[in-house]
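What follows is a pair of complexes built around chain A, which joins chain B in one and chain C in the other.
Showing the complex of A and B:
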């Protein structure tokens, strides 16, 4: 690459190290030391006493909640998202860009605003009920269904876009050949199309799984504070200035994220589907 | 091109000149929407001092902003427990009452004196220091906590008046199908259960923690929220919630400004303030990093004038701390101006200081205790 161009990448590199790399190191350090606002520089020492937070029942339950909801959300997004993506690919509609735009349309409004509105129309008395006279969602605000619906609704576009990208890259000649050699359309799908789109599924799954696992706003709003995710515990630890525990739990999440990135690189060596 | 540069230069110069005027400055660190601009203007005019207000939204931020010393604030307005912490860590200057002659114009309300006494008590219990908080702080606003309830539920109002906390905490005995909400601040939830059990909410030991846990678990809360609580009760999606009285007044004033009458609003949702309840007080203190100490005293003295305190209360939904200022507010009860009249009526109902109550401000608990309480609350919430 041109030397002049390489210079242009510097600002972002600096930004990455100042705002991402060093904070992560600081987070790991705070998680494993006695550092807090009352400790002066000379008194800092390593400490593993914060690890007890990992065995507390509330932490374990919150982790379990995050994990179950993340897995369920990913699975539902995969089932529905895949076929939406497949439909878009098969569609005879000339301007597929418009279809894809429709998919990401909900993301044009702010996440918190969208979630608050969802919580509102999931309540017993809401604006739609006054307009229509009945409840579309029933009265599910505060239940696991509300949270699951909100998560699927929010993260579905990530799955659709990743799968669609993978599907589009499949050479049509391969499908023609499969049909020519006597496969039924259904068999063609299972033996040719699906295996070739698996990269997109993995990427999409990770893009759904990670934010669900680490997120806290959607469960907090839609469960009305009743279903606690690990993100909510971390959120509270920082609000009540228990930085050590908060940092330690965040490190645990980080391990999950790194694990997922390893998974991506295993399935997708060129990093194509991430685009 | 040269012209553009020249214009830009002149513009920036004019900013510099504006910023460089010779008036002394008074830097105040305050909560958002917590001061009447008219008060600021009046003070600036009278004393020739420029007020610069910065805003933070938690006591912990106040603490770290003073501790970090990046800006030298002359006045900060933290709450009770944070003032205890700041005094214990020697972060505040003692007030010079010879510079506060207006102190003789006002009588602190009984509840305010109770809070200051309680702060002295909890500080003594914690650190053995005997501190008179009047030496450091002058009250700004204070407020109670109460149970907002949905008045569309038949009989709830009467039950609360008669049985108090029990109605909220005993779904087995009262209104088993009522939807109860709790404030998602662990110490608030713990304190409310403690008061229901008849204890001082600032006490702590593991037996009490277990008792409050049972109480909170049995209450079947359907929501752990903050500002959402008042909105859900207003929308008939929740029936009872423990929260700031100011939260209720906030919604009340909004509904009144939309043209409803006080009776109409109270018939849909209202607040019950228990005889023993939590309170908070925000007070003006001078950090020892302050630069304009004289100006800070002038400002505090200015707000000790009941007229100015009442003027300030016009835009803030909390209670004034001085009896004389409260009397000024009540004088609007017969006002022609409907807004002023509503404001005075709401004050007379919800901040009626003639009812004798026991007030507990929350103290600054040790971090390890706060953490135990938070964990307990997390356990209640995760079931």
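Showing the complex of A and C:
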């Protein structure tokens, strides 16, 4: 491409640098200073007094909840999502794009509304029970199962998409060669297809893990406030305008994200499987 | 009697046909269950929208009244209007600017391109809560200068921030696919570079721009977390409004009706798009075959 067009990227460089770094720096600064609405500019100073929020037992429990649920959701999404992506790849249906569209179609309706309707049918008397005559979930409203179910089926499309993108790029000649050289279909999958799709698995796992770890609406609605994630604590700090604590907790989440970005760049340099 | 010929089993062949049959049944069952799981919430929303009673615990009678009621729900209409206002502004700007930014980034040397693409991934990978919270803090600091900043402006800025990377990410591979000679040919034929850009490069990457736009729109319309932190002075989009109303436990079933309509429209839209695409392809194939026949004769 013409070098003349380099100019076109300049505004975006400024935009990205400002909006990526400035808010994060502001967040770190607010987390580690005494800045709040009552402090005048002259009195701003560094302060570590807010760090106590990190050692409170409620915070630690919330972190534990977030981590356990995020790991479990990622693992389940990986198993089922990989399976669906592989089935789409294998299917004899000509137009794969239609199948993919059908998988992601639920993502087009409002997340909060979907979660709320799931919460409705997980309670004892619900609309599906009055139609079908039995309860498909039993009465799991407010339990960890409800939250896990909601998280898995909300974020699975991300995993399916990423894995499918990676699977689609695998040269069929490689698979044929593996079979010609005497591998059984199962071995072919394990030794050839799976390693080549790992890029998609890593991206997909991160696309599931991060929103689960940092989310707050789904656990709040599905557990009826029983199970507290770290996002819920940040949400509370936001509501009560305790920005210093909120900022500190968000910084901790940020550390997880930086780790994930490093992991992704190791597997996928220009983010090709991100879409 | 001695065995004279080795059977295929001696070569390590094992008969899996029986296992395969069981496996394929399990497979089908699993596919159906997972797809059902993915669609469960949408189905429930549709059922709730057709229920005559406001009560969500039992289905009384089939009724379309909530569909007719959508326009009469002031708050709902307001939230819908806000959502579309923010999303359309953000999507149009993100698509337009993102396309040109992508071209600019593509023109960079490979090393700096990789670096900027890495930075471009940050808004995509960053958790919504961190993006939302940190942008909110930045806007709050700006409040010293602009006191009434929260509202439409902050929402559009925040949406632009996280949708533009998607446009760039979907335009970039198309740019890589285009023939570099295309641009040179246009320049040789005497067009100015920027005119060539619009007449030659943009048409070549049209598909990427379109999918980028769709992605941006999807992300923007469905966004909850980032909007939740960055809205102000009662400027609620649909997600924020629903989240607030759920807390009060009196959500009008018209919301379900609206959501069902939206799902149906997207489904019909996508399927027609597919159908048209296929027809176009079919026609092209026909044209090619007839032209090849005529050239042979």
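Methods note: the second predicted complex is superposed on the first by the 253 of 275 C-alpha atoms of A that agree within 3 Å, B and C clash if a C-alpha of one lies under 4 Å from a C-alpha of the other, contacts with A are read in each partner's own complex, and residues count from 1 in each chain.
To be clear about the criterion, contacts are C-beta pairs under 8 Å (C-beta built on N, C-alpha and C of every residue); 3 or more make two chains touch, one makes a residue touch a chain.
Values in this document were obtained by computation on a predicted structure and should not be read as measured data.
Student: Which holds for A:56: it touches chain B only (first), chain C only (second), both, or neither?
Tutor: It touches chain B, and chain C stays clear.
Student: In the superposed arrangement, does A:242 touch chain B (first), chain C (second), both or neither?
Tutor: Only chain B is touched by A:242; chain C is not.
Student: Just checking: does A:135 make contact with chain B only, chain C only, both, or neither of them? Give me first, second, both or neither.
Tutor: After superposing on A, A:135 lies clear of both chain B and chain C.
Student: State whether A:34 touches chain B only (first), chain C only (second), both chains, or neither.
Tutor: neither
Student: Output check: A:231 vs chain B and chain C. Expected answer is one of first, second, both, neither. What do you get?
Tutor: second
Student: Applying the document's definition of touching, compare chain B and chain C: which contacts more of chain A?
Tutor: Touching more of chain A: C.
Student: Does the superposition put A:22 against chain B (first), chain C (second), both, or neither?
Tutor: The answer is second: A:22 touches chain C but not chain B.
Student: In the overlaid three-chain picture, which partner chain does A:125 touch, first (chain B) or second (chain C), both, or neither?
Tutor: both
Student: Need the overlap of the two footprints on chain A, from chain B and from chain C, as residue ranges.
Tutor: 123, 125-126
Student: Which chain A residues qualify as touching chain B in the complex?
Tutor: 36-37, 56-59, 61-62, 65, 123-126, 141-142, 224-226, 228, 233, 236-237, 239-242, 245
Student: Which residues of chain A touch chain C in their complex?
Tutor: 1-13, 15-17, 19-20, 22-24, 26-27, 30, 80, 83-84, 87, 95, 97-98, 101-103, 105-118, 120-121, 123, 125-128, 130-131, 149, 152-153, 156-157, 206, 210-211, 213-217, 221, 231, 234, 238, 243, 246-247, 250, 253-254, 257, 260-261, 264-265, 269-272, 274-275
Student: Touching chain A in the complex: which residues of chain B?
Tutor: Residue list for chain B touching chain A: 58, 60, 63-64, 67, 181, 184, 186, 221-225, 228, 232, 235-237, 367, 370-371, 374-375, 378-379, 381-383.
Student: Considering the complex alone, what residue numbers of chain C touch chain A?
Tutor: Residue positions touching the partner: 27, 30-31, 34-35, 37-42, 44-45, 47-48, 51, 56-59, 97, 100-101, 103-108, 114, 116-131, 133-138, 140-141, 161, 164, 166, 168-170, 172-173, 175, 180, 183, 187, 193, 197, 201, 215, 218, 221-222, 224-225, 229, 238-239, 242-243, 246, 251, 255-256, 259, 262-263, 266-267, 270-271, 274, 278.
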